[in-house]
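Note that the chains are named A, B, C and D in the order they appear, and that numbering of residues resets to 1 at the start of each chain.
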């Protein structure tokens, strides 16, 4: 899957100091590229349809993104360790329903959120234990738990559903109110995002996640507590999926046994578009969040410029391909430029 | 040469309903009727199938329900038909995910002596004995336009938020809606767009947002699907459009209660799903007892719902839908 | 990776004796025997033909998917490719084209879909997971554009009969015969030709394979094209088998294929597994579902069973290995009390 | 000055340790004592159990029997972390870096200096790494990612990592295998000063002169069994070899004179931008041409471009008078070229595949009948070469990753020699190979040359180049700087060209 010969890093290694700065810029550019695509898309839509970035429009954009961003942040942490959690959709569904059941006919909204998070932690723990203790492929295990949790959910929920009518008004309002255009849900998500980003960047635990994703064998030899770290990543991922479940409940006011079905593919796309490599060890949660924002924005943009929904799916897919392909082409070009520069510098040095 | 569409007109080939029926035959007891809804765990079908079970209990026959947990798993539905054929049930009541895909296996079942009733969503007529329709498509289509037009004062732009683009019943209703709009009294009402939310809460949500952004002057939305209307209502309730943009369509009272009460929605309609299921049971038992064969003009008794007559193409219509408003919604608990 | 350095030789040998793919095959046989004897209606020809017919689409795609996964790549767009070729088949049929022309066109289209995947992966060096998530949406979307809300059902009867019928007097669906041929070809290619060897090498270490003269990109491209081709074949079969061409045919098929292949012991890191195991895994899931339906197990419980099977499929060999490791350690500790005393 | 066994308690010791991997008994009742302030060498053939012993000391393996003693007290290390916490720093035979992390982070994983609130102090990490590189005299940017580092640089990072511990015990498993003279000298300087400060050192190398240069005592292993522990003073290289091999050594550089034939490989003005420029040379049949240079001079890159693994930007390669299209190793193989790459783990072998299949990977043409492979043919082809090269293995179906480092290298050689190449390019062919086998490999290369094969030998082992090559090419910073005939090739002349002190005479 990797093109060993032409990665930008390798070339950059040739001429430390000069290329170093260049590399820095390029790496930052990576996240910037997704951001740029996003901004251009939003701006173009706004030009086409002036309602798009109205107060309501901005609020909607942010609200649409929150749930996916939360789950994508958790997923990114797991993917960075060279694992994956496919069960997030199922966890989201079951914890949303659990919170809803508790709130049904009155209950403390805060406690409901805690219940959802708690359930998420529980499933995260289950996944984490299976993956880290069993040392088995995460893809299989979490595909298994995806089915198991979904099955348990539908057996438990049956045909029941939670509707807005069953929920306290304060909770439902929390789902769409905010500080002027910024919804509370978005603020909460932002806080989680920054916390996760800071932890990954500036704590030993966070750096360990990158290390063990980069090379599990080396991590073991370096004395990194591999199992503990993987467990942590899964627990965080589960907790965030649970939290997302609670927010889903508040946002949509409606949960049944199908909630969150198929969500894993969306989450994985967001993470991939955001530049988190499935081979582990690289990428950031900010990238993943941007990827999520891009994906949900596409789904807001297309209806609001009146693209027939017949076309939406195809355009979605093509845009996703474009996003990753452009990113890759830019990276390859930069690598080429760097190599030539190194050559020039060397011949200058030689002369 | 080759085989083209035109060269093979005589396709299909299911057992056509024969007219040999004895209206006075005794109602058999101890039959097994299997319900195969589009999707198990779907509240709507749970109510409908519940109605079917009650009727079967009353008739002294037994009920079972099987089905897929996804509403678009046609292959799954086919294999359930096959399983039921293997288990030799007496009749199958099925809500088809696809009008054609079930044909082979349903005809296979009928060859094995199993009666097939479709309800809620039909297959091609030659693949079943009877279709129990929730309401005439014409009624549904026209009344929804009437409901909305009234709410917006017969003036302004409207849009439709449907389910999947392939949903057969939705499309029939939408055709009738368009037809209704041709009436001169709707000359100021303009249908600007049909959007598809694929019966997914989130997609329906975003489609509603898109409609409102694309048509800032939108006055009303018709959503002839229970998932769509719920999602649209939830979005409107939390946005600045609440109360300003009217919403109607098909929804269940339980889903919509909160939005009717908080003023997001004035009125919407639906038939009683339990009665639909119940009628399907009566029809299935009547078929299995030999009282009817599915031919036009035959009639059968459906307990306290009275007697029903089979119409053209083997269709039995349940009746007119109920309109729910603030005033009557609390009387309905489904 | 840690396993390879830790797994000692005799255990590897022991692991070799009870390899997971063999175990899955055995499990399948046991399940079939039990079902024949104890489950009413299971054993009759009609049911068996249903079972095979319904599992065939998954098994078909599992053939190239196994090879692709062995080479370290994955294709999630198979269901959409199948759906797209079904949709195109429906649209062309509606347009009055002869079915004998339509089917080759659909197959070509499938190969093209695979080619697009393959080029994006091999030329641009993009991860196949990401690429095929993208084309999963794109191909399905195109199918929707092509056929829209239509559902085409009036294919010629002799073709529908081929898709759904079985050889008179037996339980064997007509379609099982071409499948058997393809299976044989696939087994030979993967396990007895240089191409297969190269696939394993590429999956286990792409760089080492390249240094050994394997034309990695070409090989992968060919695998993607084959996967697309077989997916479209499946799409055509699907439309005939269910007598219905719709844009959403075969939705979610990729997950069933992957579940089966995983259950059959194919390692998604590449470089490991056997086709026999993968096909056994696919049929184990198919037969399991058939039996559970006959036993009136609800769809929800079936999902749980599938999940549990998957988890066990990876945990069981692992636990087995650990148990035998512990036993080996105890044995060698017993053998050497003298050495301990000496220290 | 003699070095009797010190009376003090050893810092770290093994007593009667045995370790088996299934049927393979890698260690059998081995004892070893490491004392503070002493450098201890571990000698033995490939597969003797040296790396296994180290991994036992480091807590990677748990001994089947016997004990590990820390300061005279038995300890049980449950993992590499425990050993590290006890002050044991280890450089493993195969570099184990995190390719995605920066070089600096690689050094300090899990031990990063911290600021308030437990936050990692990124600046301190960077500076500490830079300081370590200064001490080692290495020109590496702490910020660059480890991905793409040459084997030598990787090894240097590993060394820096081990030094950063300020450990009481420093264990090094063939740290010098990839290094050239100057780096080795600097490493020894640092290690000596650590030892003088009281650290205990355990050192493994197949270059005996290094053992004599650095160490005071030596323990020899043979087939997993302890042979001797003794002071190095008074021991000769031959003595040591005899302990290791159990017999006297053949001549190390058995250069046969071969008849030099026509040009087999001709490389003209080959250029890969940013990597090497304008490289032209010829190799004739029967000739062994050495390609020397400092680490990073671009020798491996030239080999890769000739073989077609890397694209070339300009220039041409001609084999037996026919131009060779670039970009595909399969074409090069068809033209009769074989390349034994420098990184056996990443490039030479598919580590998860069996020995026979690895060797078989280059021989499909010979083992395929009617499109299908013959397992028998594959096996006998593999067996033939495994035996010729004296690979030590249990079964040919064993996964190649379980072999010892040196035996893995032999499998790579077998894999390529089995193709009966007309042009053989070997990149560091004897890295990590024990003295006995090294002589074997040399004899083999020599014989191949005499049979008319054109051999291009890249090596960082200068004596090897001088001992084996008919002609020495020297590269410096991506250019050929000298071509020296055997008669004039000396350590001085080659080093002068390699360091750029002389320009290639026009």
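Brief remarks on what is shown
Definition applied: contacts are C-beta pairs under 8 Å (C-beta built on N, C-alpha and C of every residue); 3 or more make two chains touch, one makes a residue touch a chain.
Keep in mind it's a predicted model, so treat the numbers as computed, not measured.
Summed over C-beta pairs in contact, the chain pair with the top total is A-C. Averaging C-alpha coordinates per chain and comparing to subunit C, the farthest chain turns out to be D. As a whole-number value, the distance joining the C-alpha centres of subunit C and subunit D reads 42 Å.
Subunit B and subunit D, compared by their mean Cα positions, are separated by 74 Å. With centres defined as mean CA coordinates, subunit C is found 28 Å away from subunit A.
Chain contacts: subunit C has residues 5, 144, 148, 207, 252, 298-300, 303 touching two or more partner chains. Counting partners per residue, subunit A has 154, 217, 220, 310 as the residues that reach two or more other chains. Annotation for subunit B: residues 40-41, 69-70, 165 touch two or more other chains.
This structure has the following touching chain pairs: A-B, A-C, A-D, B-C, C-D.
Taken together, the subunit C residues at the contact with subunit A in this complex read 1-3, 5, 72-73, 76, 120-121, 124-131, 133-142, 144-145, 148, 206-207, 252, 255, 258-259, 262, 267-269, 298-311, 313-315, 318-319. Residues 40-42, 44, 46-47, 50, 54, 57, 93-94, 96-101, 144, 148-160, 164, 238, 242-244, 246-252, 289-290, 293-294, 296, 298-300, 303 of subunit C are the ones touching subunit B in the complex. On subunit D, the positions that touch subunit A within their shared complex are 58, 60, 79-82, 84-85, 90, 92, 96-101, 105, 109-110, 112, 114, 118-120, 122, 139-141, 143-145, 147-149, 273-275, 277, 309-311, 477-479. Those residues of subunit A whose C-beta lies close enough to touch subunit D in the complex are 5, 7, 9-14, 16-17, 20, 201-204, 207-208, 210-211, 213-215, 217-225, 280-282, 338-343, 346-347, 349-350. Interface residues of subunit A, counted against subunit C in their complex, comprise 1-4, 6, 130, 134-137, 139-141, 143-152, 154-155, 216-217, 220, 262, 265, 268-269, 272-273, 277-279, 310-318, 320-321, 324-325, 328-329, 332.
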